[in-house]
Structure formats: C-alpha cells, structure tokens
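Structures incoming, each one as structure tokens.
Consider the two complexes below, in which chain A is the common component and chain B and chain C are the respective partners.
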Partner chain A sequence: ATAANMAALSGGGGAPWRRGWLPALQFVRRGSKAVTRHWKAMHFQRQKLMAVTEYLAPRPAIPPRCLTPRKGRVEEEDNGYARLLRRQVEEVFRDNRMIAVCQYNSMPGEDVVLMRHYLRKHNIEVKFVLNEIVRPVLSQSKYKNLLPLFVARNILLVSPELKAKEMLRVLKGVPQINLLGACIDNTILSRQGVENLAKLPSLEVSQGQTVGALALLPSQTSSLLQRGSAYLTALLDEHIRQLQARETGSPAEPAPAQSSG
Partner chain B sequence: KKMASKIRVVLRPVKSIVVRFCPFESNVESTRKFLGCINHKKVQATNRNCEVTADVRHDGSEPLIDVMFADGERLIMKGANLTTIEMLTALGSKCNAKELMEEQKSKKKSP
Partner chain C sequence: GGVTVPRAGLKKYVLPPDYSGITFPERTKLKFMEKVPAVPKVKRETRQLRDIRGPSHEATEFTQGQYGILALGGGYLHWGHFEMIRLTIGRSMDPKTMFAIWRVPAPYKPVTRKSLGHRMGGGKGPIDHYVTAVKSGRLVVEVGGRCEFGEVKPFLTQVAKKLPFPAIPVSRDGLQQMRQEEEEKKLNNQNPWTFERVVTANMLGMRKYLSPYDLRLKGRYWGKFYLKHRV
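After this line comes the complex of A and B, so read on.
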C-alpha cells in the first residue's frame, strides 16, 4: 500500500498540470509487475485495441486466379554440378551402342547390388539419372522420341555390346524394375522390340541363313539347266543295263550303238 | 498438399494389382508414380502375398490399373485423367471399407 501511495504521489508530482490521479493502483494490487517472465494476458482494453488494429493485407482489385499466369522463369543452370551431370549423360549417349530405359520402383539395397553385379558380368552398366538433367540433353539431341519416357524414377542400363537376352533374363529376376524401352544402335525400340531382338538368332546363324537363301535360286537354275542332259544320261544308263541283262540271258549281241537316238 | 508417397494403403484384402501403360504416351505420369508408390517397402509389407505386375505395352492404349481383391471384386482405374493421389486415396478407401466389413463379419461369427 505504501508503494501504491508513493506511485500516486509521484505521478501527481511529475505532472503538476494534471489534477487527477494515475490509476496505477489497480495493476499493482494483482501482485505481479508489468514485465514478467511468464506469459501475462494483456489488459482487456489493450486486447480490444490490438484486435481492432490488426494488419489487414490489401487485396488486389483482380484476384490472382483470374489473371493469366506468367510464364515460369527458366532458370539458367549455372550450377556446375548439373553441368557435369549433363556432360556425363551426353557421353553415355555417345559411347554406348545399347541404352535401355527402365522404371525403378524402390528396391532393397542388396537386390540393387546383386543386380548391378550380374549386369556387370555382361558388361552392362547401371546408371541412376535425374529427369530434370536428362530432359534438356535429350531435347537438344536427336533422341526426341525418348523424351516421354523420362517421367518418374528411371535408371539407364548402358552397354557397348548388344546382350539383350542376358539383360532380359536378369531383369526378369528383378520384379521391381520394368523395362520401358531401349535405344539400340540408334534405333528406338519398345519393350516388345527388345524381346524380339533377344529372340533373333545370333549373327553367324543369320549370316548362314542369308547365304543359304541367296544361293537357293542359282542352284535351282543350274539344276533346271542340267535336267535335260541328266535325263538323257539316265535313259542311256537304263538302256545299257537292259541290254546287258538280255546279253546274259541270250548270247545274241545287239550293238549298243543301234539304240542311240 | 499431400505427397503421394506419404499415403499408406493397407493392401491386406488385395490379391493382385496389374498396372498397364504405354510409356511412350504422354498421359502415363500419374500411373507410373502410382506404380512407384505401390512398390514402396511399407506398402508391400502390409501384404506380402499381393503380386504387383507391370504390363508395358506399345499399342497406344490408355493407362489402366486393375486391382483384384481377395473376395473376387475387381477395381479398374483408368489413369489417363486421374492424379496419383486420387488413385491412391480411392484404393485406400476401398481397402479400408473391405477391412471394416471383414472385421464385422469376424465379430458376428465369434460373439
């Protein structure tokens, strides 16, 4: 109470032109000061004042939904890492004969390592790629038709040799990787195409088949041409045999020259 | 906005899921993401017997998701104009409904 009186007296003394008393008494009675370490509710009048004077953001005349959206800014990739990755992708596309694009659904780690190991044995490398890096590279190169493949998570299986059969066998053992398409020797193939390629016989066999097919016609021609003289020789042989049979049967000897005609 | 990989679907009443799409088309993104989310470890852990098959074609057909439930019911979702989240929530709600039905049945059987 003494402190309250002192406050009132000093308030009165500090502003001698005011003939009133400062209503500081009511606050001090509660027991805590104005600045506390715990959260203290504001006075009700102060609460009302704060609520009334809250900041309201100015609303634009036309809501932004109605305006046509501005074109998203095209970020120039000055990021050195992205440039490096892009260069790597370009190299990959240049160096390898067979590039297969597969969808990657999350696989347990050991399976990934095993699959990599099996594919390594056939000299097939597994590369994880990011779509945002591959897309600009592809759109500038001649592989525009591979663009729609690169959505969602993908991996690339690249190899300088064509080992479609082995690759398909390994991928069959891994259910979480789905072959989408491949670019083999600059030819874009779908999954069906890759399977057909795997079913093709090897190069030597197909070469032998081609040679056989090519040699078929001339051999037919030659056999046709030789048919007349072959028929004649066959007839003569038959005649000689008949004459010899008659000779052994009866001692008469007809000259074999008479029969020629 | 929810992330598609956060949605957890309980695949217990599901027998098999076949996802068919043609990767060279332009409307397959949501279907492929759906396939990726379904193959997540946690979703697969809810039902080890559920076979998820991906059918990759090249005949210009639209993306299709064919879900076969254990009680013979079939759910076909044509993903050409659906988003991943919509498809996942639809499948999730179907699975939950089936689970509730099964729980009620088992409660009725064993009073």
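After this line comes the complex of A and C, so read on.
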C-alpha cells in the first residue's frame, strides 16, 4: 500500500495532491470497532468479494421435476410377525387336502360365527389371510396359478377331508361369501369344477358302482354259457304250446303227459 | 388381476424408543446462577469483544443430554437471561422424566457503565453487572431424559427466541445433519471462487480491505454475526 501511495505522490494526479491531501493510509482505523451490535457496513470491495464468492448450488442435467419419482421400495424389515404369518400360511398349504379361496364381503359378526360353527362341524376351518403375506409365499411355491385369486379381501376354507357338498351347501346359505376357486388334492379347480366335484356321488357309492360294473361281466358269463340250451328249451316250449293250441281245437287229448316229458 | 379395493394391510408395530444409555444427574432442574461471582472482580476489564467474534471452540458437542439450544451468533448473556431460561425450562419440563444442564458458566465478565447524563471523560465507569460471552456454534443448555424432540422443542424455541443472539433448538441427529450439510455444500459448490481461496492467495490485493482475522473466519462471520448461507 505504501509503495502505491509513493508512486501516486511522485506521479502527480490532480487538485487534492496539490492541496497537500494524503489518502487515508489505513482503512481500518476509521469508524466503529470490528464487533458491533449493529450490522457494520462493509467496504464496497468486501461487498463485491462476498457477492462473487457466494454459494452456487449444483444443477443436475435433468431437473428433478422432470424425473418421475421412483416409488420408494417397500421396507424389507421382515418383522417377526410377518414371518410367523408366512410360516402359518405355508403350514396350511402343506397340511390340508382341500383349500378353497372365497371372496369375503363384510358380514355381520354373528353370521360369521354361525358360518364358522357350521363349517367346523364338517371339520372345515376358516382362515383370514392378508394378501401381502400370501402373495410372496405363493409366488415361491408351486401354487403360482392361485396368485390371481388373492386380490381384495378373501378367506381360506381349509380341511383335511373333502366335503365339497357340505361346504357348498353352507356357502349357499351365506350370500356374502363367494367361492372363487379351490385347490383340492393339488389340483386347481374353478367354481364350476368344485360344483361338479360336489355333484359326484360319495366315495362308497362310487366304489359300489365300480364293483357292480366290474362284477357285471362275470355275472353274464353263466347266462352266456347257458344261452344255447336255454334257446333250445324255449323253442321246444313254444313248439309244445303250438301243438297244445292245435289239440285244444280238437277236444280231450292227454297232452300234459307229453309236455312234462 | 381384478379391481383392487384398498384396505388396511398388516400393522407394523413401532418399537418404543430405547432410553437405556441415559444417566440422570442428581438435580434434574437447572441450577440457580449467581448475578455476581463469589469473588467479585476488583480490577475493571477491557471490553475484549473478541470473545464474541468467530466460531466457538468449547461446548460445541453434546455431553449428557440429547437436545439443546445452539447459538447461531455471538452475544452476552446476563443474569436476566439466565433467570428467564431457568424459569421457562423449569416450568415446562417434567423433572421426573427429563433433566437439563447448563453449558455456559455463570456471569464472570464485568461490564462497566458510566452513570447517565455525564459527559465523556473522567475515567472508566464502575462495574455495573456481569455477563457471559457466547460465541456462535456453542450450546447454551442441554436437555435430556426419557423424552422426544417433539416434546422438548416448543419450550426450547420459546427460550431461543428470547436470547440476545439467534438460536435454535437442536437434537444430536439434527446437529450432525447440519454439519453434514455444511460439508456437502462445501464439496458441491459450483463457484470456483471461494472467500478462503481469495484470502489465502490475496487475490487482487483483497487483504487490504479485509481483516487478518478473515483468514480464520473465511467470510462466514462478520462481527458477532454468523452468516449461515455462506459456504
């Protein structure tokens, strides 16, 4: 600063220098102290420096407004409760032979209890399931084709035995529950399939029918073998009847003795 | 798939917060701060305004508590402020579940005042009262215990507004986040010219218009004020 001032003094400038005016050598000494209660006015050069060295935020090439926000990934916290429910669903699918998926519309509580009671009598359990738990379990097991059924509220009717007819009868009495589909003995059936299954006769009746069908042929063997002699007997009987008819036209002939022979 | 009817999914139970590592001090309420130190100063002290200027180097981190009041500017706290803080916090907190501790010392610095209406001259005035100096970035009080930030924030903001310098209530996480954001700003600043760079290299002879303290303060502090928006 001093060198510049010396140069200015010797170089010559204008009227102030002729009057013997010296510039303020120390800018700092004028005015108030460094720390003031009010906002101390900054030197203009300092103001310019502050303006130049301001923070510039980074601008991404694509503004975030134009990008569709990625849906935040569902937290895979895997709390123990969800794990327990998933395990229960797996057990259900393993242990029971018949699993029917029904749509559940809201029912009065007592009706639910009644329906459960009736189904329990036939050893059918009613299970309420949450889609968000069942879907991952099914997608990883062999029941992938049941996935489209698990949409909106639904319940599972599970049973170790096949009692389709009783189940359908109970469900007919409850209008709020609609059967969507079933997985019976590892076969996926639609609603029609379940109804057909129910229309089938029971196991004992069908067993009896098969036995009857099988026994039909051997029962016919004896009649087949006897058919020749039976035909001959029939022909002779017919012949005798014709002779009798002719002889009764001419009266009193002892024909029975001949017919018995 | 068919039409999905939105319905409630599985309820995710939130675990209650874990307050295991919290030790309560013997007195949960703020202790009373004396107006005048036990040994009052005989010699009058110079103004020494440098105890307000710049960032603080003591009491910048949390010790016992989880929430506190962070000073964002420099200033002096006198006994009135201490009483206000003590009473407001004492009134609003639950001494059984929360505790509060001071992070500033009792007033120690004597401030002189000349009697009213006299002309300049006649020596330095007598000691009028005592104050504590607080620099920006320092914690004034800390609150902790079995409580959440949401419970503590209302009365801490109430206190922070009444302080002579700008202050905000913070939690441990909040403070950490603030510091992280500061670092990030420093890193992703697109401006190639920073105050620090200009000052250290004395570009364009800027140091003629700046103080030698600006080498340390780097344009973020001006007098007692803390310029939050500068990088």
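Basically, the second predicted complex is superposed on the first by the 140 of 261 C-alpha atoms of A that agree within 3 Å, B and C clash if a C-alpha of one lies under 4 Å from a C-alpha of the other, contacts with A are read in each partner's own complex, and residues count from 1 in each chain.
Definition applied: contacts are C-beta pairs under 8 Å (C-beta built on N, C-alpha and C of every residue); 3 or more make two chains touch, one makes a residue touch a chain.
What you see is a predicted model, and the numbers here were worked out from it, not measured in a lab.
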item	value
Which partner, chain B or chain C, touches more chain A residues	C
First (chain B), second (chain C), both or neither touched by A:T36	second
First, second, both or neither for A:N105, with chain B first and chain C second	first
Partner chain(s) touched by A:E54 [first = chain B, second = chain C, both, neither]	second
Which superposed partner A:Q192 touches (first chain B, second chain C, both, neither)	first
Contacts of A:I62 with chain B and chain C, given as first, second, both or neither	neither
Partner chain(s) touched by A:N79 [first = chain B, second = chain C, both, neither]	second
Partner chain(s) touched by A:P148 [first = chain B, second = chain C, both, neither]	both
Partner chain(s) touched by A:N178 [first = chain B, second = chain C, both, neither]	first
Partner chain(s) touched by A:L217 [first = chain B, second = chain C, both, neither]	neither
Set of chain A residues, in rising order, touched by both chain B and chain C	148, 151-153
Residues of chain A touching chain C in the complex	1, 27-28, 33-37, 39-40, 42-43, 45-46, 49-50, 52-59, 77, 79, 81-82, 85, 130-133, 148, 151-153
Partner chain B, residues of chain A touching it in the complex	101, 103-106, 108, 145, 148-149, 151-153, 175-176, 178-181, 190-193
Chain C - residues contacting chain A, complex	1-5, 7, 9-10, 12-13, 49-50, 52-53, 74, 185, 188-191, 193-195, 198, 206, 208-211, 213, 219, 222-225, 229-231
Chain A-facing residues of chain B, complex	23-26, 28-29, 32-33, 35-36, 38-41, 52-54, 56-58
